[in-house]
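Per-chain numbering from 1; labels A, B, C and D assigned in written order.
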């Protein structure tokens, strides 16, 4: 199955549903080491992504992701807004105007998303952010794609890797974002942004399965 | 004429009257290079000084000045409050519990006031503050006192020296207080605190004349 | 020449009150616009509120944006990238500055008629000020 | 152990809103008290308001005072000298810190149960933070 505008739209819709279903969990993760708004922020941002896609009815997967990114930037309200927003926009631009892409190109777009997040937020792996989930996920996606695997398999591997990356944030001390103010008190909790990244990649695996 | 509780009280009363008479001028000096409240601040602070003296009815000049200082600190509201307040309190403490003092001791008390202002505010001569009026005034007072001159002559010399110090602030660029934010734009104006210091020293000359 | 200033805070009240404090010192010649909180008034950041404040603060001489932290910074950076892709919009620079001190320093310098680079510089110099 | 925090600003609204912002991050365990403006509500500083806020913020573990500028700093220093002359009052330290960033850093560190010196330190470390 290739990744086209319809699949891209389904990805955003599924992400929105996943975030809404787990909104309370994201919020309580953020309450522990942040300000307790990550669930509401993500729900609001992804709802705006869907609305923006519906309004613009983009015909390529690249334009779908750019439209999603704009909605997320406009409405999220927290640090995750510009980060995910830039990520989706950069991924969309990486897809160019292709009507449909295969796994290697989608992998490159996910890598562009990761680069956008790292450039904007300045976080590296180990800083206890969404970067800790997305970095292994991109690597896993690209490894499957490089072996000629289909998008479904690559996305499933990415979601699994993100989940491991999320677990690996528990013992870390936050060095970026508001959790970093807590110093050692940030240890012992999952990072909320890494949790939402995992949901979004799981949604990709679902819609491409 | 020696400096006793009655003279000290008269000094504060005369200072209050002088500041009220020139409140608009102090305010407009502060409007040019500050926030335009120095007239109101000084009027309020010296009124509180008078009230505090009236309530406590101190019997030594030292206690009069301490009481004045406390009133000024409590009610002035601007940077001049803690500065003049500490100055009067330190001067009062320097007078000890003498019922009446002569010129050399009053000169030492004025020097203690100057030291208090410099310690608290960190300003030196040339920073375009009240220190630029008080420094030459203390030197002039002490010079007359050291020559055996009476308080009246010492205070008149101090007031004249303060006035010259005030004029000398015009070409200076402020390096302390809110006027310092203006950088070169603070040049070309008298410093409001140097102006109120001159009024207070002129009041001392008047009540001891 | 008067550079405009935009204050971006996570909190609507912080942005508004620091803008008022800076205005009190800088006087009425400087346009200082707060952009605090989300577009529905929660703690957070709104790129649309920032963009609106930037346009309102600009009188043709450029705008210095000062941010408090976290999403204020990331959202302002994102807006700047968007503006760079456009033509003819206001000239905007982000100042890396302590929020309150930078706002006051920038506002007062703008009131003296200095240009955008000097205003941004004065905000950034506020990191080296000391109080005690 | 919870250190109290007092925020002294020239502006009542700045002190109040930054206290609210810092509380939002630090949570309800930390007493953060604003002391802004004069005792009659003008821009400026009141030693009595600061003293009242210090007493309200103290729960026996000491109070960290953070000031914006000018009269806030001078008046807080004067209060500290007065308190040193007394016995049995709260243990108070002034932090030389950027106002907003120092308040947030101090409040969050206080919420972790650290002592007064550590809280003051974290406020003062905020001078070396950078945003871009």
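The criterion applied here is as follows: contacts are C-beta pairs under 8 Å (C-beta built on N, C-alpha and C of every residue); 3 or more make two chains touch, one makes a residue touch a chain.
These numbers were taken from a predicted model, which means no experiment stands behind them.
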{"item": "Of all other chains, the one whose Cα centre sits farthest from subunit C", "value": "B"}
{"item": "Rounded Å distance, subunit A centre to subunit B centre (Cα mean)", "value": "65"}
{"item": "Length of the line joining the C-alpha centres of subunit B and subunit D, rounded to whole Å", "value": "30"}
{"item": "Separation of mean Cα positions, subunit D and subunit C [Å, integer]", "value": "25"}
{"item": "Centre-to-centre distance between subunit D and subunit A (centres being mean Cα positions), rounded to whole Å", "value": "39"}
{"item": "Touching two or more other chains - residues of subunit C", "value": "24, 43, 69, 77, 104"}
{"item": "Residues of subunit B touching at least two other chains", "value": "35, 178"}
{"item": "Inter-chain touch pairs (all)", "value": "A-C, A-D, B-C, B-D, C-D"}
{"item": "Residues on subunit D engaged by subunit A in the complex (per definition of touch)", "value": "24-25, 104-105, 108-109, 111-112"}
{"item": "Touch list for subunit A against partner subunit D, complex", "value": "35, 178, 181-185"}
{"item": "In the complex, subunit D residues that touch subunit B", "value": "38-39, 42-48, 69-71, 74-75, 77-78, 81"}
{"item": "In the complex, subunit B residues that touch subunit D", "value": "35, 37, 41, 73-79, 81-83, 85-86, 120-121, 177-178"}
{"item": "Sites on subunit C touched by subunit D in the complex", "value": "9-11, 13-14, 16-18, 20-21, 24, 43, 67-69, 73, 77, 94, 96-101, 104, 126-127, 130-132"}
